[in-house]
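Structures incoming, each one as structure tokens.
Here chain A shows up in two complexes: once beside chain B, once beside chain C.
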Partner chain A sequence: MAVTAETRVGGAAAPVAAARRSRRASAPRTGRRSRPLTAYLFLAPYLILFLGFIVAPAVFGIWISLHDYDFVLPFKPWVGLANYVDLFTPGSRDFADFWQSMGATGIFTGLSVPCLVVLPLGIAVLLNRKFPGRTFFRAVFFLPYVLGVAVIGLLFRYLLDPNVGVVNYLLGSSIPWTTDLPWVWVSLVGMTVWWTLGFNATIYLAGLTDIPRELYEAAEMDGANRGQQFWNVTLPGLRPVLVFVVTTTILASANMFGQQLLLTHGAPGTSTRTVIGYIATEGLGSFRMGAAAAMSYVLAVALLILSLIIFRVFRDRQDES
Partner chain B sequence: MTTTTPLTSTARVDPQLSAIAAGFSRRRFLVLGGAGLALAACGGGNSPAGQPGAPDTGSGGADYTGPAVTLSFWNGFTGGDGDVIKKIVNEFNAAKPNVKVEMNIYQWADFFTKLPAAVSTGKGPDVACMHIDDIPTNAARNVIVPIDQVASALGLQESDFSPAVWQGGTYKGQRFGIPLDIHPLAMYWNKDVLDKAGIDAEKPPTNRSDYESVLAELKGKDTQGFWVSPFQFTGAFTYMSLLWQFGGDAFDAGVTKATFDSPQAVEALQWMVGMVDQGYSPKNVGQDADYIAFKNSKNAFNWNGIWQINDLKAQNKINWGVGPVPQIGSQQGVWGNSHQFVQLRQTKPDQNKVDATRYFINWVSQKSAEWATSGKIPAKKSVAESPEFKALKEEYSLAPEAAYVHFPPAVAGIGDALTELYNAVNSAVLGKASPQQALSDSAKRATQILQDNLKKYGA
Partner chain C sequence: MSTAALPASSTTAQGSDDNLEPQRHGHGPRSSPLSRVTFVVLLVVLTAVFVGPLLWMFLTSFKTPDGATSIPPQLFPHPATADGYRPLVDTGSQTPVIRWFVNSLLAGVANSVIVTATAALAAYALARLDFPGKKIVFAMIIATLFVPGFVFLIPNYLIVNSLGWLDTLWAVIVPSAGGAFGVFFLRQFFSSLPMELEEAAEIDGANRWQTFVRVVLPLSKPGLSTLLVLSFLTNYNDFLWPVFVLFSPSNLTLPAGLSILQGAFTINYPVVMAGAVIASVPAIVLFILAQRNIVEGVARSGLKG
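For the complex of A and B:
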């Protein structure tokens, strides 16, 4: 049953299709004789942008990371792998700060991803039911997502201020939401979940509407209750969507920056300074672009490995079923 | 580093960073990937540092009689001072038909990320304003060009200014900045709160014992009188003022070593943290909360920039006063900064534009009393003592501070080292580390940064 559902989830929303693209590409081609030139022509508009704005800068970034690089200075000394070696040498200028910020990013990702995978799924399942005002509520949950990080950051800073904030006033408490551990993480994760859950919920919704009704009817005939239907029809049907949601949420969380900059400014001390925050400070604030590029690559490799693990986990699950 | 925008908090974080925050949403980061970030701002041409964009052949700005030109003028005056500079520019355009100035106002944040890239691709402005401590970095990074000739043509000399504001505009013996204003930290007091506590609101405390006894009195009446912010605005500015008052300094004379772990520096931070420990300040003061509380009569004193004067004038909820910060330590001292005119490097220099730019700088410098209405002290002594400036009661009350104001040292990349100081203040005020511990740790890192910068920018 699960397999059937899986094969039917074809024409979902674009992001879902994107998530599946890699798998499709490996499927044997059938149909008309292929004319490579035509394909490349169709690909060209995106390919040019992709090469110009993603691949070329990424390769250039490797070059930068091998230098003591400041783009306005005429002399950009070649330092080889020194920028990378420093990141793994205790006592170097960046070692402690970089790994502390990697840790902060890790904490944030570890806390926010489960919330951003599970909560939107629940909301999507609720919003997928037929009830009056459904469209309204769909809009309501998506609404925060259209706001910029500056708006959200400022809004929550005033809501959560430990001494003059609305939240503490209403609770009659003096919880240091923006200035002390562990509350800063509660605030950062909470506001991010509120802000972005609508996006994931929308992806889930697209996936849900794509699961054929007949499967639920068949499950009902077999005597499955609501819970069993969810585990055996809904979840397997959502698997490709789930891979997409988990992967993109991890990447987005690992790139968290604006929230900590505006809400906590890294406080207390530099506890909530994320790795993107540190890279930005060093690369664009101190103009140490070589070191910052090296940090970016270490982060990118870490995320690449994490993404591969996730794909592997989901694929293994699929093989089991 | 300073902003003149009261409470537009995005402008109050590190300029470069908030620009990035505004420009890059979470999802856009997703597209770019972490790696893309450091690359986004790269690329562009170069020419050797320290060379003027054009030879010094003009009049140096005493007048401009050449053909009609249009100048581009960038600054970060997004607050009430934006209206004042607009007015001054309009007056200039009306007075000088052959020079048209087109002004772009950016958030300081965007300004400092856009400027180097714009200049290195030949799309930079002709003239700009920046802070005194930004000048060495931008001079070393070849964004701005020397303007010694403007100073000499205008007959400007050190004795016209306070030494700090004059020397701050130089880098490696060359002048890069023409001082426009000084904007120091000030003490604001809420007269309503003091009145209610039975304290003379017309005679605010000016020394340590008076200040502490007023705070104790307020505490007895359930008011935490002096909220200590752990953040750069305004905690770090408060700390730096105290640091100088207690006889310490952030760096050694050559700015090769951080000295904000000295006994004086520790004592200064201990006094500040003591405000929290003694209950004169609540714990965990959030960003801007000290000022918000002040405007809502929750506290009595706020050490904040002179630029808040206009924001307080615009409200009628509280009665307030402003004056020099009290002397807590053994000597007078206060944190301040200064806006200065700079001329940008051009890839295709146009001598007429260079001359017109110098004339424009000269012309606006004469108008610095008008500029002071935006919450500034004129940099030029003669203007600071003029009747026009004396008529600005609040601003003029801070004029004495110009005699003992300290600016961040004029050394390339100094902001990188100051960030460490801000972090130490944050940790200590939030009770995460003792003042000694926080300052020692940060000073060690700051020294390393200073050494790296010496290598990078040259001694």
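For the complex of A and C:
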């Protein structure tokens, strides 16, 4: 027991108490010992925010969803699971509107995700070579993404104006981009793709850069043509990045709100009102917070299941290869 | 549109590519399926598609209402006027864009500083210190990365209301700082730093706080500035939350205000575009200054996920 680290290290410096103390504190890399209090003090400012605005609301939201919770009324009666049951009961107050808005979000997600998975990959492949101004073009494609949905919404409302918009002028058409089906979907998807494509392209590009060049050389020696190289080297090399892009794009699309508020106002009728739009207007516009909270949990669970399915699909593919 | 899978535009192109191979090809396949001309044309068209609308917005903001709606459209403002900007600088109006601009900058700066400061402290504890409950705390923080933000919408509205923050900038500054991304991001960054410098500081008698401030933070400038910029942009562009928690015309941030501006000036497009231009300027300037931080921060978040 008497043979401590310090005495073993060397006689010369050993007797100095201060050196001993500091060495003892720093020596064991595994147990970088410090009083737990120090760690808690470092954590405290963030943990207050985390508990107050993430953990507490996540739990409080469940509580709200079990009540007929109207913000402006003094009495908020307990209703148990009624808010959830209503969402699955045809003819209830929210049933038709909620599922219509879920459908709208589904249509938007189904249309935008394939575009936002494939087109950015094309851009990334295009940019994945050395040429003068590469960084500049990468920045150009990323540029719209740094602007908020409010700017993009106002801009496209003007570009897509049926009467004076430049898009109809260039096409020589008079398409009702912001008021009629199916054009509203083309507009919403098109503006979203234009806005966020650079984000996915950037992630793909980082993934492409990580694919070792030797793999392409080997494939070429085996006589693989360009297309075969893309399918057999590029895509498998991008698998983890692809999972990330697909999942985050689905989540982002399922969160769509600003585009429909600014561009179509849900038109025609309420057919482009997304589920986030419905939750927000019912919960924060009409203050039906119990019902709105229940809807947000149903949506969250739906998205969770969807993400798990995607992970499983990609994992199974990996097992095959 | 997998360009690489196109049946190579022409064999001659590939042949000529091979000659130039060493300088021209960087990371990808050794030669390219696209001829140089196709490649340049594609780049030019894409650039026009991405920059064109923004240029159109800028040019329109200097047109007259008639000029903005004429058919065929004017390319350049004729006559050019700054009238579109007039209603925006009047702080007494219902659409004081200049006021929203200040609000947005204040909120964005305050939020990004709070995010970065609290995340740095917490990330250091999680990356370098041992304490009981560390695993649980970290697992909880990471778990919330997977909870979609709309779940917090209704309850946070009530929490913010009970704090008396509705219709104040506090509502857009504080709650979103609870998000886990910053902690996750900086923890990765701190973990990748070499331990030796910190150990040397401790041997010199520095305590945890001194090590953190004098060694870890200076080494982490790239990570810290990336987080500052990303969280500023996120806050500056946030739309859904400010639309519902801010109501008075003088208290709005730009995104919430712009939707009101659109309602108030429906087809007076120069005014609407002028508002959009004002809102774009800080984001675009920041992007030009911190392009590498932003693009690489995004790229890294993808690879880690």
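What to note about this one:
Rule of thumb we're sticking to: the second predicted complex is superposed on the first by the 260 of 321 C-alpha atoms of A that agree within 3 Å, B and C clash if a C-alpha of one lies under 4 Å from a C-alpha of the other, contacts with A are read in each partner's own complex, and residues count from 1 in each chain.
Everything that follows uses one rule, which is that contacts are C-beta pairs under 8 Å (C-beta built on N, C-alpha and C of every residue); 3 or more make two chains touch, one makes a residue touch a chain.
Computed from a prediction, not measured in an experiment: that's the story for all the values here.
A count of residues in chain A touched by chain B and by chain C gives the higher number to C.
Within the superposed three-chain model, A:Leu143 lies in touch with chain C and out of touch with chain B [touch as defined at top].
Look at A:Ser286: by the touch rule set out above, it reaches chain B but stays clear of chain C. By the touch criterion stated above, A:Gly61 is placed in contact with chain B and with chain C alike. After overlaying the two complexes on the shared chain, residue contacts for A:Trp78 are found with neither chain B nor chain C.
Once the two complexes are laid over each other on the shared chain, residue contacts for A:Leu43 go to chain C alone; chain B is not touched. Shared-chain residue A:Glu220: touches chain C; no touch with chain B. After overlaying the two complexes on the shared chain, residue contacts for A:Phe88 are found with neither chain B nor chain C.
The contact surfaces that chain B and chain C form on chain A in the two complexes overlap at residues 54, 57-58, 60-61, 64, 71, 148-150, 153-154, 157, 161, 163-164, 199, 248, 251, 254-255, 257-258, 261-262, 276, 279-280, 283-285, 289, 292-293, 296-297, 299-300, 303.
Against chain A, in their complex, chain B makes its touches with residues 9-10, 13-14, 16-18, 20-22, 24-27, 29-30, 32-44, 46-49, 113, 116-117, 119-120, 141-143, 227, 230-231, 282-289, 292-293, 296, 298, 413, 415-416, 419, 423, 426-427, 430, 432-433, 438, 445, 448-449, 452, 456. Chain C meets chain A in the complex at residues 1-5, 7-8, 23-30, 32-34, 39, 42-43, 46-47, 49-51, 53-54, 56-57, 60, 68-73, 114, 117-119, 121-122, 124-126, 128-132, 134, 137, 140-141, 144, 146-159, 161, 174-180, 183, 195, 199, 202-205, 208, 212, 233, 236-240, 243-244, 254-256, 258-259, 261-262, 267, 269, 272-273, 275-276, 279-280, 283-284, 286-287, 291, 294-295, 298-303, 305. Those residues of chain A that touch chain C in the shared complex are 18-19, 22-23, 25-26, 29, 31-34, 36, 38-40, 42-43, 45-47, 49-58, 60-61, 64, 71, 118-119, 121-123, 125-126, 128-131, 134-135, 137-144, 146-151, 153-159, 161, 163-164, 166, 169, 194, 198-199, 202-203, 205-211, 213, 216-217, 220, 225-227, 229-231, 233-234, 240-241, 244-245, 248, 251, 254-255, 257-258, 261-262, 276, 279-280, 283-285, 289, 292-293, 296-297, 299-300, 303-304, 307. Within the complex, the chain A residues that touch chain B are 54, 57-58, 60-61, 64, 68-74, 93, 97, 148-150, 153-154, 157, 160-165, 174, 176, 178-180, 192, 196, 199, 248, 251-252, 254-258, 261-262, 265-271, 275-277, 279-281, 283-287, 289, 292-293, 295-297, 299-300, 303.
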